[in-house]
Each structure stands twice: as C-alpha cells, then as structure tokens.
C-alpha cells in the first residue's frame, strides 16, 4: 500500500473537487482524507487530500507527471505531492535556551515526530551536552556582526550537504538573513515568545509585564524578512495575574513555547500547512 | 441562486467522494463547502456538502428524488437534504433560570440565529415577563408527578401544531420522557451544568465543589432516554480554585452554560451536526 | 452586622500587615478576607481586606477618621473604605451593538450585579427598545464632530445629577474626551474587541483576519487619554482558524466581548480592582 | 537573610491574622508573602506566609519551638514550617511512557525545579537509557502479583535510605498500596490521563473516545487508597473533535499530562499546597 498527500491551491472554479477526486479514482487511488477551503474574499481554492494506492505498480513520479499535464495545467494549480516513502529532514538551530530543544528531542526520540534530525547548529556551545546526550551531531558556529555572513555560508553548506527540507529555530537568538530565507521560503519555523502581533521584537515578556496583560502567549510562524511578521502556524496562551513577576512570566511562557513550537513542527512535517497572502491554511 | 446542504453517512467505500461531487456537477451545482470524515474503527463515511444552483429551474424536490434513486441507493446512504428556502422552527422549554433564555433571545432578536421561535413552554410562570418582553408566546404548563403525562401530551400538541423542528431545554428542570424523545430523536438539545460524563444528574456544581476540581464545565447534548448520556454537541470549561464557593461556581457556570448552549443551537440549526453511535460529527 | 472593604497601597515597609490587622481587631472587627500583593520591582504594597463588625455602634465614618489619623498617615497610604451599606451607581453608554447591553441587562435583572443602573446614554436611537424592555431610562444624545463638546456637557450633567460612580462603555463607538475622563479617572470601563495591545484602534477583527492569527481576544480596560492603552482589567481569547471569515470572527468575538465586559464590571463593582502604573491588581 | 514558609490551618476564629503577623514581627521577621483562605462552610482557616529574617542569629528550630508553645497551642493549629535552607528530595516512579519523565528531567536539569532527584524506580527497564542520559541512578524493581509485597519493601527501603520527601508517579502503571501510602500521606503525586472525576481507572482515552467528549483532560492528584479519588492539585484540558482518533487523543493527552504533572510537582515543592477534606488549597 502506497500513500500520497496532495496539496493544491488555485483560483476557485466550479467542479474542481469533482475533477480531482475523479482523477484519483482513475489512477486507482482511494481517498482516505479530503479537506478543502475556499477563501471567498480572494476567490482562492485550497485542497488537501490523502490517497492510498494498492499494489506495487503505483509510481508517485508517474502520478505527478500525469497530474501536471492534465488537471494542474487546466486549472493553473500550485500543487505539491508528497510520497509516504520519503523521510523529511529537519535542521535545528538553537542558542542557549534548552526547553524547546529538550521538548523536540524527547518527542523525536519517542518516535512522535515523522522526520529525521541530521544535526543541530548553535551559535553557542552551551547546549552541546544535550545534543551529545541524544547522539545528534552538534555544530558550533559562532555568530558576530563581522562573521555573520561567513557563518550563514557555513550553515547553508551544512543544510545542503544533508539535504535538509526545513529549519526550526528553537529559540535561536539570531536574525536569519535573506541569504537563508530565500533558499527556504516558508520552510523556516520560528517560535516567538509572545502572542503576535503583540510584542514584536526583543524581550516580549518584559513588555507584557509592563503593559499589565492578563494573558500571555507564544506564536510559531514561518520566517520572512519582516521581523516576527511571517505567516502564523500556531499560537497558544495562558492566564497570568498581577501576582506574577517577569520571572514567572518567562517560566509560564516556556511551557507555551515548547508546546506551540512542537505542534507547528508536527503540522509542517505532516504537510498540513499551506501558505498564501502571508497567512496559513491548516488542514488538521 | 438556490442553495442546499447535503448530509450523508454510509459504509466507507472507494470513490464515494468522486461519485457525489460528480452528481452535484451533473445537476448543475457548484460545491461551495465540502467536509468529510471517516471513522476508520467503524468504517463509516460522513460527508457534509453545500452546493449552489443558479437559475430558477432548480428544484430541491427533484434533486432529492434523483439523489435517492441513484447514489443513495447504490451506497445505501443515510442522507438528508436541507434547502436554504425553509426556516427551522425551534421550541424553547424553560423553568426558573433565566440566563440561557436571555442569551438565546438576545441572539434571536439580533438576527444571530437562523431560525424561528414560535413559543416558549415552562412548568413555572417565573419567566413569563421575559417572554413578554421579547414578544414570544409563553405557555405555562405545570408538571407534577401526577400531571406529567397530560403535560407532555399538551406539549406535543403545541409542538405539532406549530411544526416544530427541534426543542431546546434551556435549563428546563424536568426529565423529558420517551413520549417526546421518540418523536424528536436527536432533536432535543439539553444543557447540563457539568463537564460530562463527570457529575451526571442533579446538583453538579455541589458535587464539583465537594470533589475539589480545578476546572468546571458545561455540556450541551442531545437528549436520549439515558440521563445525561446522549450525544455530546459542545462542551466548554473554566478554571476555579479553592477560593470559589458553591455560589461562585454556579455564577461562573452560568456563563459557560449560556455560551455552550447557544453554540450547540447554532451548530444544530446550521445543519452541522451528524449523530451516530451516540456520538456527534461536527462539521464546523 | 456591618461590613467594610478596605483598599490600601503604599510604599512597602515591614509590619504593615500586622499593624493593619491589629487596627481592625482594636476596632472590634473580624477579618473575613485579606489578600495582599507586593510589587517588588516598584516596592509597592497592596492590600484588600474585608471586615465585619457586630452590633449597631459601628460607624464607617468614625472608622475612616480613625484610620486616616493613625495608620494612613504614618505609612503614607493611598486608601479607600467602602461600606456595604452604599449602593454603586453605573451609567451605560451604548451605540448600535446590542450584545453587551443584553448581557449586562440580563445579569442586572437577575440580580447578579451588585449595583444600580439609573440610565443608558446612546448616540443613536437603535437600542432604545431594549432599554424600554428593561424599564431603564434611555437618553439619546447624538454626537457629531461639531456637537461633541455640548454632548459631553449634557452627559456630564446627567452623570452628576444621578450621582454616577462609574461608567461602562458597552461598545460605545465614540471616543470619550478628557473632559469626562478627568472626572472619572479609572472609573470608565471600555471593552475593546481585540487582545490588546494587538490591534489597537478601529476594525480589529479585520486586522486580525488579515494577519491570520489563530486566536482572537477581547480586552476590558479603564479608559485613559491614550487610545486603548489604559489599565487592563480582564481579557479572554478563543481559537479561530483559516475557515473563519471576518463575519465568523465578529460573531465569535461578540461572545468574548460580553463575558469579558461583564466580568470586568463585576470586579470593579465588588471593589476588587486597584490601579497603579497603568496596570491593575485584581484581588479576586 | 534567612527565609521560612509557614503553613497553618485551624478552626476559624477572630484575630488569627493579627496574632500571627504580630508574632512574626516580634520575632524580627518581615512578611514578604501572605495569603489566607477561609472555608466558610467548614469554618476552617488556612494561611500561607513567607517571612524573611535578617542576621545570622535566626534559628528556624527556635522559631518552631516558640510558635508551637504560643500560637499553635492556643489556636489548636495544624502547622508546618519550612526553612529555605533545606532541599526537598523527590523520588520518581516510572514504567514505560517517557514523556513525563523527559519533561521533569529537562526542567530538573535546567534548574527549574527547587528539589533534588536522588533516583528513579521503574518496574521495567525501558527507560533506563533516559536515566543514564541524565546521570540519575535507576533502580529496576519488577512487580508481579506475587512479588508486589517484596517490591514495595524494596522501594520503601530506598525511599528511607535517601530521605525522600515526596514521590512522583510519572505514568507509573502500578497501583501503590497502603504500605507506601501510609508512609507518604499526601506526599505521593500521580498524573491521571483524564479530567477527573470523569474516566476513573484504566484506558481513560479509550473511554473518552467512546463517549464522544469534545474536550479531554489530565489531572494530577495526591494518591489515596481510593483509586483516582485523592485530592486534586492541578488539571488542564484541550479541545478534541470527531476527527481525532484514539491515537490522536493519546498524543494530545501526553502534552497535557506532562505540563499538568510538572506544575503539580512545582506547586508541591514550593510548599503551596495544603490538603483537607480530600481537597486542596493552592496558594499560588
């Protein structure tokens, strides 16, 4: 049994669903999941579909060719097909905070994440012992104002060498430049420690404390060149009160950050996220 | 432009989606919403679909006939078609608590609920002034152990006379018997003031207080003959602490009850709920 | 049995609690509630205390005098004493949206709010029928750019004439100027339909939709001269997804707005809110 | 600077707060935190107080003696004093699930938990590698029906030998008998994977799935001899829908379990929990 995941978006027109589901049936597939969404304001159609194909004859390459030349062309679709046979590769970027790293590695080790982590990159050496503990190669690439360009070149080299599919910034305290972003569009996941768009930038817990909010949050989003302004994948919040000081906010926030980031990573790895207009459609 | 909502469930088999979407296309319809769900344990397929038909020729009766004789039969579907032309009629049953009543009537009056409320029934006279205030006929039908049977007959009479589609028990403090339930299967919506299945039966806030829970809830469900055990439509919860006494729990619970019940009423009225195996599929 | 609520804040110093609780004991009072908070960053002490006094001899005026000349002076306290004998008076300002009005009036009528509502002011006539339905005087005071000053004078006249203690802007779509704010400092409660400080100003649901947030919120705060930047009393949030359009956001937001505003009103009326540094301490 | 935490409960009587705060002042202490609660139904007074004492002369033993012979006796208090100088020792019991273990050890290693973990006990060997990774001694004590008594004796031996203060059952899949419970009353913290009191006992996610609930939860409580019926310390919940199968519920539940258990451990270790009438007072 082989399985594919098909993601489509295009201008909304009548009969797309019928045409696509017919196509799958013609190819001998059985649809086991289908979800669709229409943005009526923008008139865009989105679809996520999983189909199973029995027998050994099915080739996802052939499927792609066939889809490309028929439906994709006539509906001018943007589309992607993922085969269940290929494993996604994720690179982890960290600095000094360990909570998101522990959470991701714990899940990874338990088999909860459908992906492979070939290595961890950090601008500091602090978390090397954790990487060692989990037997994951750790590259220490320091970053200063002067060395940033070279550091990113070295990072890109590693990313390409290992065939990395997407990058997770697990509280990586550096700004990633367009050099890397342009190679990984909507494929770099960041965790920001506020309920975006509130408290963009540095020290959001301090800002939240100062403003006296009664709820704090965390936001996982794709990295774009605009700071903390990329498409939001996942958010969560928790209540706070006057009795919590900044230290308490940071501590409560850590729990949000790790759960929100891990959820975003899972959604991305399961091909459940589509991006358009700087927003996400999440088929969960 | 005419619009229908189609709800289907049947044994899962290949190509259902393709066949149904083709059928809609053949009838000249454009699918504006489609969601489906497969319960893999039970192997049951569920689908909710909204389609628009241009022109004046479309007849939902003809559509039903055609669907019945083709797809419905060959897939042995259980199905329903709702036309946007018909208005749903809801009866309200209340006793003495007014918060759910105020909430539903406020929304009703604001045009938030896609339905009509021909009348309110109560076993007490306390809330008559509210019904008057909103200009809705109010029938006071007292219920005692001895008069219960006759009271329910009178209720049924009113329900039929007004062509009521579904009933909402807005903190109606009486148990409804099989006489009415059998006429309105999965069409009587109750609000229970606990996070079911915890605290079934009377005085759930007192039980929650005694147990020392840190979160209380409210549950809206379809009424079946088993007490507080029918299919759950909607639930919500809120935090409490040792500092809250029973009075506080009741007060906080009221806010949950009214929001949860109103949400359940909206989901039902919008034909977004399907029931099977004493559970609900909510296409929202 | 007479009861007072005492609110204190001052520079933190040793023995404040012991001194205050001794004072209450000396006056023949029994403390039935005490909560305190120290902002260690600012070194400010806050306390809320409820005490009961048996017998008919207790006079809250005498108590105030005595407290003023002893503790209040020596600790340089800012303090207030509220007697259970006086009823708080709240004015409601509305425009065209009715959901917050319905919610507050429903609670008011049920006896849930410990206050009196002498009248409702609106710049439109749309909601007059609701005020009539609940038998509350309704003053229609239109506001245009040119008439704003005179309108506020008329509002102030009504507020003073009725001895109003605090004002609630229940989706009142006008900006209140310093003329009124200066007379009611930290006594005007607004509901803003976003999770502040995100989406300040007009049309926050439209901004939230555009940004693609996964959670929307509502915030109740005291009105200051800086737009939507006053001390936050209460916030709440709810999840949304790509499948919700702006209309859905507005509809879900309405439920947040009314619950959040009503909670803020209750906290204020129960003397549970203290304000400092543009933040609130909520003793709940 | 030395610091103590004082926990008191006793029959509610006038002037307790004044008397206790005076006592602290007389001893040269400055109260930096005070919270109290009165259960009016049961007429019980609860207090948690933190006080700082400058200078090296302060002795917590002397303080205890003095408190015991004066206030504690005259008010017939149940009380405990914890000095900031002593470190709490926690034993971890696990079986095969690793998510709670990873979460606790990650926090432990980051310095987030104010305690020491001298060892981990398990009835299986599966998680030994994780204990090794974090350099914590791991005792494999298999438990069968026949060996249970001896196993518990061995466990007790280890607990006593290391001077363990409290035990955390981090998804330990065995029932702990009265032999251990009686030695650690209200000092054994369990995590149950449901929103108690719903779904007591085995396989709660399966029961939740079958019942069709829309929200699942996790509960951390002290272990008593009645199964899953001990005093609740912390609970949390998350939304689920028809689209989630049992595997999804288990996966979502894991995130709840680990956060809820870690929060309960922190509250207990910080001496913020008081128990009475099979309920908890949480001074947080």
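Details
Labels A, B, C and D are assigned to the chains in the order they are written; within every chain, residues are numbered from 1.
Basically, a residue touches a chain if its C-beta (ideal position, glycine included) is under 8 Å from a C-beta of that chain, and two chains touch if they have at least 3 such contacts.
In this text the structure is predicted, and so the values were computed from the model without any measurement.
Counting steps between touching chains, the shortest path from chain B to chain C takes 1.
Comparing mean CA positions across the assembly, the chain most remote from chain C is A.
A comparison of the A-D and A-C interfaces places the larger number of contacting C-beta pairs at A-C. The geometric centre of chain A is 42 Å away from that of chain C, both derived from CA atoms.
One simple way to say how far apart two chains are is to compare their mean CA positions; for chain A and chain D this gives 36 Å. With touch defined as above, residues shared between interfaces to two or more other chains in chain C number as follows: 243. Taken in their complex, chain C has these residues touching chain A: 37, 39-41, 195-199, 211-215, 217, 231-237, 241-243, 245-246, 277-282. Residues of chain B that touch chain A in their complex: 14-15, 17-18, 21-22, 24-25, 30-36, 38, 239.
Touching chain C in their complex are the following residues of chain B: 98-99, 102-103, 106-107, 109-110, 112, 133-134, 243, 251, 254-255, 259, 262, 284.
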